[in-house]
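Below: a set of structures, written as C-alpha coordinates.
After this come two complexes, each holding subunit A, first together with subunit B and then together with subunit C.
Now for the complex of A and B:
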(Lines of atoms letter the chains of each structure in order from A and count residues from 1; the text may use other names and numbers.)
(Lines give C-alpha, C1' and ligand atoms only; values in the text may rest on other atoms or scores of the structure.)
Protein backbone atom coordinates (compact mmCIF):
# COMPACT_ATOMS: atom_id res chain seq x y z
CA UNK A 1 0.00 0.00 0.00
CA UNK A 2 0.95 3.60 -0.57
CA UNK A 3 0.86 6.32 2.10
CA UNK A 4 1.39 10.07 1.72
CA UNK A 5 3.38 11.37 4.71
CA UNK A 6 3.55 15.11 5.45
CA UNK A 7 5.58 17.20 7.90
CA UNK A 8 4.87 20.76 9.00
CA UNK A 9 6.64 23.76 10.54
CA UNK A 10 9.86 23.13 12.55
CA UNK A 11 9.52 19.37 12.07
CA UNK A 12 9.54 19.80 8.28
CA UNK A 13 12.77 21.78 8.58
CA UNK A 14 14.37 19.16 10.84
CA UNK A 15 13.42 16.31 8.50
CA UNK A 16 14.26 18.36 5.42
CA UNK A 17 11.14 17.29 3.47
CA UNK A 18 7.49 18.32 3.46
CA UNK A 19 6.12 15.24 1.73
CA UNK A 20 7.25 11.60 1.44
CA UNK A 21 5.47 8.69 -0.28
CA UNK A 22 6.00 5.35 1.39
CA UNK A 23 5.15 1.86 0.18
CA UNK A 24 4.54 -1.05 2.50
CA UNK A 25 3.12 -4.56 2.46
CA UNK A 26 2.70 -4.69 6.30
CA UNK A 27 -0.23 -3.32 8.27
CA UNK A 28 0.71 0.16 9.41
CA UNK A 29 0.08 2.57 12.29
CA UNK A 30 1.22 6.18 12.74
CA UNK A 31 4.07 5.00 14.98
CA UNK A 32 5.26 2.44 12.39
CA UNK A 33 5.20 5.07 9.67
CA UNK A 34 7.29 7.43 11.80
CA UNK A 35 9.81 4.62 12.45
CA UNK A 36 10.02 3.81 8.73
CA UNK A 37 10.44 7.44 7.64
CA UNK A 38 12.80 8.48 10.45
CA UNK A 39 15.07 5.39 10.46
CA UNK A 40 13.65 4.06 13.75
CA UNK A 41 14.31 7.29 15.66
CA UNK A 42 11.96 7.50 18.69
CA UNK A 43 8.78 9.52 18.14
CA UNK A 44 9.07 12.58 20.43
CA UNK A 45 6.14 12.74 22.88
CA UNK A 46 5.24 16.34 21.98
CA UNK A 47 4.79 15.58 18.27
CA UNK A 48 1.15 15.57 17.11
CA UNK A 49 -0.22 13.48 14.25
CA UNK A 50 -3.21 13.32 11.96
CA UNK A 51 -4.65 10.70 9.60
CA UNK A 52 -6.64 12.16 6.68
CA UNK A 53 -6.65 15.57 8.40
CA UNK A 54 -8.10 14.25 11.71
CA UNK A 55 -6.01 14.14 14.90
CA UNK A 56 -4.86 10.59 15.60
CA UNK A 57 -2.89 8.66 18.21
CA UNK A 58 0.37 6.74 17.63
CA UNK A 59 -1.44 3.40 17.50
CA UNK A 60 -4.03 4.59 14.93
CA UNK A 61 -4.24 2.17 11.96
CA UNK A 62 -3.39 3.56 8.53
CA UNK A 63 -4.93 2.29 5.27
CA UNK A 64 -3.79 2.34 1.65
CA UNK A 65 -4.09 5.84 0.20
CA UNK A 66 -4.23 7.61 3.58
CA UNK A 67 -2.52 10.92 4.26
CA UNK A 68 -0.54 10.93 7.52
CA UNK A 69 0.86 14.16 8.96
CA UNK A 70 3.31 14.82 11.79
CA UNK A 71 3.73 18.26 13.33
CA UNK A 72 4.83 20.18 16.44
CA UNK A 73 2.36 21.66 18.99
CA UNK A 74 0.18 24.31 17.37
CA UNK A 75 0.74 28.03 18.00
CA UNK A 76 -1.98 29.90 16.11
CA UNK A 77 -4.29 32.69 17.22
CA UNK B 1 -21.14 30.73 10.06
CA UNK B 2 -18.10 31.89 8.20
CA UNK B 3 -14.47 30.73 8.24
CA UNK B 4 -11.77 32.48 6.29
CA UNK B 5 -8.05 31.73 6.23
CA UNK B 6 -6.41 34.51 4.32
CA UNK B 7 -2.96 35.71 3.33
CA UNK B 8 -4.36 39.25 2.95
CA UNK B 9 -4.15 41.93 5.63
CA UNK B 10 -7.64 42.67 7.03
CA UNK B 11 -9.36 45.22 9.23
CA UNK B 12 -11.37 43.26 11.86
CA UNK B 13 -13.85 46.11 12.49
CA UNK B 14 -14.73 46.42 8.81
CA UNK B 15 -15.08 42.62 8.59
CA UNK B 16 -17.51 42.61 11.56
CA UNK B 17 -19.58 45.39 10.04
CA UNK B 18 -19.73 43.67 6.63
CA UNK B 19 -20.66 40.31 8.13
CA UNK B 20 -23.46 41.82 10.25
CA UNK B 21 -24.83 43.76 7.30
CA UNK B 22 -24.89 40.69 5.01
CA UNK B 23 -26.43 38.17 7.41
CA UNK B 24 -30.14 38.86 7.32
CA UNK B 25 -30.80 36.38 10.16
CA UNK B 26 -28.97 38.67 12.58
CA UNK B 27 -31.10 41.73 11.82
CA UNK B 28 -33.35 42.58 14.76
CA UNK B 29 -32.62 39.31 16.60
CA UNK B 30 -29.09 39.88 17.79
CA UNK B 31 -28.81 41.55 21.19
CA UNK B 32 -25.14 40.78 21.87
CA UNK B 33 -21.95 40.25 19.95
CA UNK B 34 -18.71 39.17 21.62
CA UNK B 35 -15.48 39.52 19.67
CA UNK B 36 -11.84 38.62 20.11
CA UNK B 37 -9.17 40.32 18.01
CA UNK B 38 -5.59 39.02 18.22
CA UNK B 39 -2.85 41.35 17.00
CA UNK B 40 0.88 40.91 16.43
CA UNK B 41 2.55 42.99 19.16
CA UNK B 42 5.08 45.67 18.25
CA UNK B 43 7.59 45.55 21.10
CA UNK B 44 10.47 47.59 19.82
CA UNK B 45 12.48 45.89 17.12
CA UNK B 46 13.25 42.42 18.53
CA UNK B 47 10.68 40.69 16.28
CA UNK B 48 10.74 42.10 12.75
CA UNK B 49 8.04 39.97 11.11
CA UNK B 50 6.08 36.80 11.72
CA UNK B 51 5.18 33.98 9.35
CA UNK B 52 2.10 31.85 9.92
CA UNK B 53 1.92 28.37 8.44
CA UNK B 54 -1.17 26.13 8.43
CA UNK B 55 -2.23 22.66 7.23
CA UNK B 56 -4.50 23.40 4.26
CA UNK B 57 -7.70 21.37 4.55
CA UNK B 58 -7.20 20.28 8.15
CA UNK B 59 -7.20 23.79 9.59
CA UNK B 60 -10.45 24.73 7.80
CA UNK B 61 -12.04 21.42 8.83
CA UNK B 62 -11.26 21.98 12.51
CA UNK B 63 -12.39 25.63 12.53
CA UNK B 64 -15.65 24.43 10.95
CA UNK B 65 -16.08 21.75 13.63
CA UNK B 66 -15.39 24.25 16.46
CA UNK B 67 -17.99 26.63 14.98
CA UNK B 68 -20.59 23.85 14.64
CA UNK B 69 -19.92 22.76 18.23
CA UNK B 70 -20.38 26.35 19.48
CA UNK B 71 -23.65 26.68 17.57
CA UNK B 72 -24.94 23.46 19.14
CA UNK B 73 -23.68 24.10 22.65
CA UNK B 74 -24.77 27.70 23.15
CA UNK B 75 -27.85 29.71 22.22
CA UNK B 76 -26.07 31.75 19.55
CA UNK B 77 -27.15 33.02 16.14
CA UNK B 78 -23.93 32.99 14.14
CA UNK B 79 -20.13 32.84 14.27
CA UNK B 80 -17.23 34.32 12.33
CA UNK B 81 -13.55 33.30 12.31
CA UNK B 82 -10.90 35.00 10.17
CA UNK B 83 -7.24 33.97 10.54
CA UNK B 84 -4.18 35.28 8.75
CA UNK B 85 -1.49 33.07 7.20
CA UNK B 86 1.78 33.99 5.50
CA UNK B 87 3.94 37.01 6.30
CA UNK B 88 2.61 39.34 9.04
CA UNK B 89 3.98 42.71 10.18
CA UNK B 90 3.88 44.08 13.77
CA UNK B 91 0.56 45.79 14.53
CA UNK B 92 -1.42 43.68 12.04
CA UNK B 93 -4.42 41.56 13.00
CA UNK B 94 -3.73 37.81 13.24
CA UNK B 95 -7.18 36.55 14.18
CA UNK B 96 -10.78 37.69 14.55
CA UNK B 97 -13.38 35.55 16.32
CA UNK B 98 -16.97 36.69 16.91
CA UNK B 99 -20.21 35.20 18.19
CA UNK B 100 -23.65 36.76 17.81
CA UNK B 101 -26.43 35.92 20.26
CA UNK B 102 -29.64 37.21 21.81
CA UNK B 103 -27.95 37.64 25.19
CA UNK B 104 -24.39 38.33 26.37
CA UNK B 105 -23.63 35.16 28.34
CA UNK B 106 -23.93 32.87 25.31
CA UNK B 107 -22.02 35.31 23.12
CA UNK B 108 -19.12 35.62 25.61
CA UNK B 109 -18.92 31.89 26.30
CA UNK B 110 -19.05 30.86 22.63
CA UNK B 111 -16.44 33.45 21.65
CA UNK B 112 -14.14 32.28 24.46
CA UNK B 113 -14.62 28.63 23.43
CA UNK B 114 -13.80 29.43 19.79
CA UNK B 115 -10.56 31.30 20.46
CA UNK B 116 -9.43 28.82 23.14
CA UNK B 117 -10.00 25.76 20.96
CA UNK B 118 -8.48 27.53 17.95
CA UNK B 119 -5.32 28.22 19.96
CA UNK B 120 -5.03 24.73 21.42
CA UNK B 121 -6.20 22.57 18.47
CA UNK B 122 -6.20 24.33 15.08
CA UNK B 123 -3.05 23.48 13.08
CA UNK B 124 -1.29 26.84 12.74
CA UNK B 125 2.39 27.50 13.48
CA UNK B 126 4.15 30.84 14.05
CA UNK B 127 7.72 31.57 12.96
CA UNK B 128 9.36 34.83 14.04
CA UNK B 129 12.06 36.71 12.17
CA UNK B 130 14.23 38.28 14.89
CA UNK B 131 17.17 40.65 14.53
CA UNK B 132 19.52 37.70 15.02
CA UNK B 133 17.76 34.93 13.10
CA UNK B 134 14.58 32.94 12.59
CA UNK B 135 12.78 31.12 15.41
CA UNK B 136 9.65 28.92 15.53
CA UNK B 137 7.36 29.92 18.40
CA UNK B 138 7.28 27.02 20.88
CA UNK B 139 4.46 26.27 23.26
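Now for the complex of A and C:
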Protein backbone atom coordinates (compact mmCIF):
# COMPACT_ATOMS: atom_id res chain seq x y z
CA UNK A 1 0.00 0.00 0.00
CA UNK A 2 0.94 3.60 -0.52
CA UNK A 3 0.76 6.30 2.18
CA UNK A 4 1.16 10.06 1.80
CA UNK A 5 3.14 11.36 4.81
CA UNK A 6 3.27 15.07 5.62
CA UNK A 7 5.46 16.97 8.07
CA UNK A 8 4.69 20.47 9.32
CA UNK A 9 6.68 23.37 10.78
CA UNK A 10 9.82 22.35 12.69
CA UNK A 11 9.33 18.68 11.73
CA UNK A 12 9.45 19.69 8.08
CA UNK A 13 12.77 21.43 8.78
CA UNK A 14 14.22 18.49 10.72
CA UNK A 15 13.22 15.94 8.12
CA UNK A 16 14.03 18.24 5.24
CA UNK A 17 10.82 17.49 3.36
CA UNK A 18 7.17 18.37 3.75
CA UNK A 19 5.88 15.37 1.84
CA UNK A 20 7.03 11.75 1.63
CA UNK A 21 5.36 8.86 -0.13
CA UNK A 22 5.93 5.49 1.50
CA UNK A 23 5.13 2.02 0.21
CA UNK A 24 4.61 -0.96 2.46
CA UNK A 25 3.29 -4.48 2.36
CA UNK A 26 2.94 -4.65 6.19
CA UNK A 27 0.02 -3.30 8.18
CA UNK A 28 0.92 0.17 9.38
CA UNK A 29 0.14 2.54 12.25
CA UNK A 30 1.11 6.18 12.75
CA UNK A 31 3.97 5.11 15.03
CA UNK A 32 5.28 2.59 12.49
CA UNK A 33 5.23 5.21 9.76
CA UNK A 34 7.19 7.61 11.97
CA UNK A 35 9.73 4.86 12.71
CA UNK A 36 10.09 4.04 9.02
CA UNK A 37 10.64 7.65 7.95
CA UNK A 38 12.79 8.68 10.94
CA UNK A 39 15.13 5.66 11.07
CA UNK A 40 13.46 4.17 14.15
CA UNK A 41 13.82 7.33 16.23
CA UNK A 42 11.26 7.29 19.09
CA UNK A 43 8.07 9.22 18.41
CA UNK A 44 7.94 12.11 20.93
CA UNK A 45 4.76 12.13 23.03
CA UNK A 46 3.77 15.71 22.16
CA UNK A 47 3.73 15.26 18.41
CA UNK A 48 0.21 15.54 17.07
CA UNK A 49 -0.85 13.12 14.34
CA UNK A 50 -3.72 13.18 11.90
CA UNK A 51 -4.96 10.52 9.51
CA UNK A 52 -6.95 12.08 6.66
CA UNK A 53 -7.13 15.34 8.68
CA UNK A 54 -8.58 13.66 11.76
CA UNK A 55 -6.68 13.59 15.03
CA UNK A 56 -5.13 10.15 15.55
CA UNK A 57 -3.20 8.33 18.26
CA UNK A 58 0.17 6.62 17.75
CA UNK A 59 -1.43 3.19 17.44
CA UNK A 60 -4.03 4.31 14.89
CA UNK A 61 -4.12 1.94 11.90
CA UNK A 62 -3.40 3.39 8.48
CA UNK A 63 -4.90 2.14 5.19
CA UNK A 64 -3.79 2.28 1.59
CA UNK A 65 -4.18 5.78 0.16
CA UNK A 66 -4.37 7.50 3.58
CA UNK A 67 -2.67 10.77 4.32
CA UNK A 68 -0.78 10.85 7.63
CA UNK A 69 0.36 14.22 8.97
CA UNK A 70 2.70 15.02 11.87
CA UNK A 71 2.63 18.35 13.72
CA UNK A 72 5.15 19.53 16.34
CA UNK A 73 3.76 20.78 19.68
CA UNK A 74 3.18 24.53 19.93
CA UNK A 75 2.79 26.14 23.34
CA UNK A 76 4.33 29.61 22.92
CA UNK A 77 2.36 32.79 23.24
CA UNK B 1 -22.27 47.21 19.65
CA UNK B 2 -24.16 44.08 20.80
CA UNK B 3 -25.38 44.22 24.39
CA UNK B 4 -24.20 40.68 25.09
CA UNK B 5 -20.60 41.80 24.58
CA UNK B 6 -20.97 44.74 26.94
CA UNK B 7 -22.21 42.40 29.67
CA UNK B 8 -19.52 39.77 29.05
CA UNK B 9 -16.53 39.05 31.23
CA UNK B 10 -13.53 37.45 29.53
CA UNK B 11 -10.40 36.18 31.25
CA UNK B 12 -7.14 36.48 29.29
CA UNK B 13 -4.18 34.47 30.57
CA UNK B 14 -0.91 35.94 29.25
CA UNK B 15 -0.43 39.52 28.03
CA UNK B 16 2.32 38.66 25.57
CA UNK B 17 2.33 38.20 21.82
CA UNK B 18 -1.14 36.61 21.68
CA UNK B 19 -2.70 38.41 24.64
CA UNK B 20 -1.88 41.78 23.06
CA UNK B 21 -4.09 41.47 19.96
CA UNK B 22 -6.69 39.42 21.87
CA UNK B 23 -7.18 42.11 24.53
CA UNK B 24 -7.06 45.02 22.07
CA UNK B 25 -9.63 43.49 19.72
CA UNK B 26 -11.95 42.35 22.51
CA UNK B 27 -11.85 45.80 24.09
CA UNK B 28 -12.41 47.53 20.76
CA UNK B 29 -15.23 45.13 19.87
CA UNK B 30 -17.08 46.09 23.04
CA UNK B 31 -16.50 43.31 25.57
CA UNK B 32 -17.40 45.01 28.84
CA UNK B 33 -15.05 43.41 31.34
CA UNK B 34 -11.58 41.93 30.83
CA UNK B 35 -9.67 40.05 33.51
CA UNK B 36 -5.95 40.28 32.73
CA UNK B 37 -3.64 37.62 34.15
CA UNK B 38 0.17 37.84 33.89
CA UNK B 39 2.86 37.87 36.58
CA UNK B 40 5.58 39.14 34.23
CA UNK B 41 7.00 42.62 33.64
CA UNK B 42 7.50 44.37 30.30
CA UNK B 43 10.95 43.75 28.85
CA UNK B 44 12.60 45.46 25.88
CA UNK B 45 12.78 42.10 24.06
CA UNK B 46 8.95 41.78 24.26
CA UNK B 47 8.20 44.90 22.27
CA UNK B 48 9.00 43.36 18.88
CA UNK B 49 5.78 41.31 19.04
CA UNK B 50 3.78 42.27 22.14
CA UNK B 51 2.21 45.31 20.54
CA UNK B 52 0.14 46.37 23.55
CA UNK B 53 3.26 47.38 25.52
CA UNK B 54 5.45 50.36 24.79
CA UNK B 55 9.01 51.47 25.46
CA UNK B 56 8.03 53.81 28.28
CA UNK B 57 6.41 50.83 30.09
CA UNK B 58 9.55 48.70 30.30
CA UNK B 59 9.82 47.30 33.83
CA UNK B 60 6.12 47.76 34.57
CA UNK B 61 3.77 44.87 35.28
CA UNK B 62 2.34 43.67 31.97
CA UNK B 63 -1.20 43.85 33.30
CA UNK B 64 -0.68 47.53 34.24
CA UNK B 65 0.94 48.35 30.92
CA UNK B 66 -1.93 46.62 29.07
CA UNK B 67 -4.56 48.34 31.21
CA UNK B 68 -3.20 51.78 30.32
CA UNK B 69 -3.40 51.07 26.58
CA UNK B 70 -6.81 49.36 26.75
CA UNK B 71 -8.39 52.10 28.82
CA UNK B 72 -7.01 54.76 26.50
CA UNK B 73 -8.84 52.87 23.74
CA UNK B 74 -12.09 52.26 25.67
CA UNK B 75 -12.37 54.44 28.79
CA UNK B 76 -15.49 52.64 30.10
CA UNK B 77 -13.90 49.17 29.84
CA UNK B 78 -13.84 47.37 33.18
CA UNK B 79 -10.49 45.72 33.93
CA UNK B 80 -9.47 43.40 36.73
CA UNK B 81 -5.77 42.63 37.06
CA UNK B 82 -4.16 39.53 38.55
CA UNK B 83 -0.36 39.75 38.79
CA UNK B 84 0.50 36.39 40.31
CA UNK B 85 1.23 32.92 39.09
CA UNK B 86 -2.01 31.00 38.69
CA UNK B 87 -2.88 28.28 41.16
CA UNK B 88 -5.73 25.82 40.95
CA UNK B 89 -7.59 27.70 43.70
CA UNK B 90 -7.09 31.15 42.19
CA UNK B 91 -8.20 29.87 38.78
CA UNK B 92 -11.32 28.20 40.16
CA UNK B 93 -12.20 31.33 42.15
CA UNK B 94 -11.84 33.49 39.06
CA UNK B 95 -13.87 31.26 36.75
CA UNK B 96 -17.13 31.48 38.70
CA UNK B 97 -18.46 34.43 36.67
CA UNK B 98 -16.28 34.27 33.53
CA UNK B 99 -17.98 33.78 30.16
CA UNK B 100 -14.90 32.73 28.16
CA UNK B 101 -11.25 32.02 29.02
CA UNK B 102 -8.62 32.89 26.43
CA UNK B 103 -5.39 30.94 26.80
CA UNK B 104 -2.49 33.09 25.57
CA UNK B 105 0.07 31.51 27.91
CA UNK B 106 3.43 30.14 26.87
CA UNK B 107 3.87 26.72 28.50
CA UNK B 108 2.20 23.32 28.86
CA UNK B 109 1.85 23.40 32.65
CA UNK B 110 -0.21 26.60 32.60
CA UNK B 111 -2.23 25.34 29.62
CA UNK B 112 -3.09 22.08 31.41
CA UNK B 113 -4.07 23.97 34.59
CA UNK B 114 -6.32 26.36 32.66
CA UNK B 115 -7.92 23.47 30.76
CA UNK B 116 -8.64 21.49 33.94
CA UNK B 117 -10.27 24.54 35.57
CA UNK B 118 -12.38 25.22 32.46
CA UNK B 119 -13.56 21.60 32.33
CA UNK B 120 -14.40 21.68 36.04
CA UNK B 121 -16.37 24.90 35.71
CA UNK B 122 -17.86 24.22 32.27
CA UNK B 123 -16.27 27.44 30.98
CA UNK B 124 -15.60 27.88 27.23
CA UNK B 125 -11.87 27.97 26.42
CA UNK B 126 -10.30 29.56 23.36
CA UNK B 127 -6.76 28.25 23.16
CA UNK B 128 -4.05 29.71 20.93
CA UNK B 129 -0.33 29.09 20.61
CA UNK B 130 2.47 30.21 18.33
CA UNK B 131 6.21 29.81 18.02
CA UNK B 132 8.70 30.39 15.22
CA UNK B 133 6.68 29.80 12.00
CA UNK B 134 3.80 27.84 13.47
CA UNK B 135 0.52 28.70 15.13
CA UNK B 136 -2.66 26.94 16.19
CA UNK B 137 -6.10 27.71 17.61
CA UNK B 138 -8.76 25.49 19.15
CA UNK B 139 -12.04 26.08 20.97
CA UNK B 140 -13.25 23.81 23.76
CA UNK B 141 -16.80 23.99 25.08
CA UNK B 142 -16.75 21.71 28.14
CA UNK B 143 -20.46 22.23 28.81
CA UNK B 144 -21.14 20.31 25.58
CA UNK B 145 -21.01 16.59 26.22
CA UNK B 146 -18.97 15.65 23.17
CA UNK B 147 -16.46 18.52 23.22
CA UNK B 148 -12.87 17.36 23.53
CA UNK B 149 -10.58 19.22 25.94
CA UNK B 150 -6.96 20.39 25.61
CA UNK B 151 -5.81 17.37 27.61
CA UNK B 152 -7.41 15.04 25.03
CA UNK B 153 -4.74 16.32 22.62
CA UNK B 154 -1.59 16.28 24.69
CA UNK B 155 -0.18 14.04 27.39
CA UNK B 156 0.56 15.71 30.66
CA UNK B 157 4.31 15.36 30.86
CA UNK B 158 6.91 17.75 32.21
CA UNK B 159 8.53 18.15 28.78
CA UNK B 160 8.72 21.73 27.76
CA UNK B 161 8.77 22.85 24.18
CA UNK B 162 10.04 25.83 22.26
CA UNK B 163 9.15 29.25 23.70
CA UNK B 164 8.96 32.47 21.71
CA UNK B 165 11.65 34.14 23.82
CA UNK B 166 14.09 31.29 23.20
CA UNK B 167 13.18 30.34 19.66
CA UNK B 168 11.96 33.61 18.24
CA UNK B 169 8.78 34.30 16.39
CA UNK B 170 7.67 36.52 13.57
CA UNK B 171 5.58 39.30 15.07
CA UNK B 172 2.72 39.17 12.53
CA UNK B 173 2.18 35.47 13.28
CA UNK B 174 1.03 36.17 16.86
CA UNK B 175 -1.14 38.93 15.39
CA UNK B 176 -2.81 36.41 13.08
CA UNK B 177 -3.33 33.73 15.72
CA UNK B 178 -4.42 36.23 18.40
CA UNK B 179 -6.89 37.83 15.99
CA UNK B 180 -8.47 34.45 15.28
CA UNK B 181 -8.73 33.82 19.03
CA UNK B 182 -10.50 37.17 19.49
CA UNK B 183 -12.87 36.29 16.64
CA UNK B 184 -13.70 32.92 18.20
CA UNK B 185 -14.31 34.54 21.62
CA UNK B 186 -16.83 36.96 20.09
CA UNK B 187 -18.59 34.10 18.27
CA UNK B 188 -18.85 32.09 21.49
CA UNK B 189 -20.12 35.13 23.44
CA UNK B 190 -22.76 35.94 20.84
CA UNK B 191 -23.59 32.31 20.06
CA UNK B 192 -23.23 32.94 16.33
CA UNK B 193 -21.47 31.19 13.45
CA UNK B 194 -19.68 27.89 13.54
CA UNK B 195 -17.10 27.81 16.28
CA UNK B 196 -13.83 25.92 16.07
CA UNK B 197 -15.10 23.55 18.76
CA UNK B 198 -13.93 20.03 18.00
CA UNK B 199 -11.33 21.29 15.57
CA UNK B 200 -7.72 22.38 15.67
CA UNK B 201 -6.76 25.06 13.18
CA UNK B 202 -3.04 24.98 12.39
CA UNK B 203 -0.97 27.44 10.41
CA UNK B 204 2.52 26.96 9.00
CA UNK B 205 3.55 30.50 8.09
CA UNK B 206 6.70 29.41 6.25
CA UNK B 207 4.72 27.49 3.63
CA UNK B 208 1.52 29.54 4.16
CA UNK B 209 -0.35 26.30 4.84
CA UNK B 210 -3.57 26.23 6.87
CA UNK B 211 -5.03 22.95 8.06
CA UNK B 212 -8.08 22.08 10.10
CA UNK B 213 -7.90 18.83 12.02
CA UNK B 214 -10.98 17.16 13.36
CA UNK B 215 -10.59 16.41 17.07
CA UNK B 216 -12.21 13.74 19.18
CA UNK B 217 -12.98 13.52 22.85
CA UNK B 218 -10.55 10.96 24.27
CA UNK B 219 -12.69 8.40 26.13
CA UNK B 220 -9.71 7.82 28.43
CA UNK B 221 -8.95 11.51 29.02
CA UNK B 222 -8.13 11.93 32.74
CA UNK B 223 -9.57 15.45 32.74
CA UNK B 224 -12.85 15.34 30.81
CA UNK B 225 -13.79 11.66 30.38
CA UNK B 226 -15.40 11.19 33.80
CA UNK B 227 -18.01 13.70 32.68
CA UNK B 228 -19.35 11.27 30.09
CA UNK B 229 -22.34 9.53 31.60
CA UNK B 230 -23.75 7.88 28.49
CA UNK B 231 -23.43 7.87 24.73
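By definition in this document, the second predicted complex is superposed on the first by the 73 of 77 C-alpha atoms of A that agree within 3 Å, B and C clash if a C-alpha of one lies under 4 Å from a C-alpha of the other, contacts with A are read in each partner's own complex, and residues count from 1 in each chain.
FYI, contacts are C-beta pairs under 8 Å (C-beta built on N, C-alpha and C of every residue); 3 or more make two chains touch, one makes a residue touch a chain.
Everything quoted here is computed from the prediction, not taken from an experiment.
S.K.: Quick check on the superposed pair: does A:75 touch subunit B, subunit C, both, or neither? Answer first, second, both or neither.
M.R.: both
S.K.: Which holds for A:9: it touches subunit B only (first), subunit C only (second), both, or neither?
M.R.: Once the two structures are laid over each other on A, A:9 reaches both partners.
S.K.: After superposition on the shared chain, which partner residues are touched by A:53: those of subunit B (first), subunit C (second), both, or neither?
M.R.: The answer is both, since A:53 touches subunit B and subunit C.
S.K.: Scan A:42 for contacts with subunit B and subunit C and give back first, second, both or neither.
M.R.: The answer is neither, since A:42 touches no partner chain.
S.K.: Return first, second, both or neither, reflecting whether A:18 touches subunit B, subunit C, both chains, or no partner chain.
M.R.: Touch status of A:18: second partner only.
S.K.: Determine, for the superposed model, which of the two partners subunit B and subunit C contacts more residues of subunit A.
M.R.: Looking at subunit A, the partner in contact with more of its residues is C.
S.K.: Once the complexes are superposed, what residues of subunit A are shared between the subunit B interface and the subunit C interface?
M.R.: Residues 8-10, 50, 53-55, 69, 71-77, which sit in both footprints.
S.K.: Over in the complex, which subunit B residues touch subunit A? Could you list them?
M.R.: Those residues of subunit B that touch subunit A are 38, 52-55, 57-58, 61, 83, 94-95, 115, 118-127, 136-139.
S.K.: What residues of subunit C sit close enough to touch subunit A in their complex?
M.R.: 14, 16-19, 103-108, 111, 128-136, 153-155, 157, 159-164, 167, 169, 174, 200, 202, 204, 206-207, 209, 211-216
S.K.: Would you tell me which residues of subunit A are touching subunit B in their complex?
M.R.: By the definition above, subunit A touches subunit B via 6, 8-10, 50, 53-55, 69, 71-77.
S.K.: Considering the complex alone, what residue numbers of subunit A touch subunit C?
M.R.: 8-10, 12, 18, 44-46, 48, 50, 53-55, 69, 71-77
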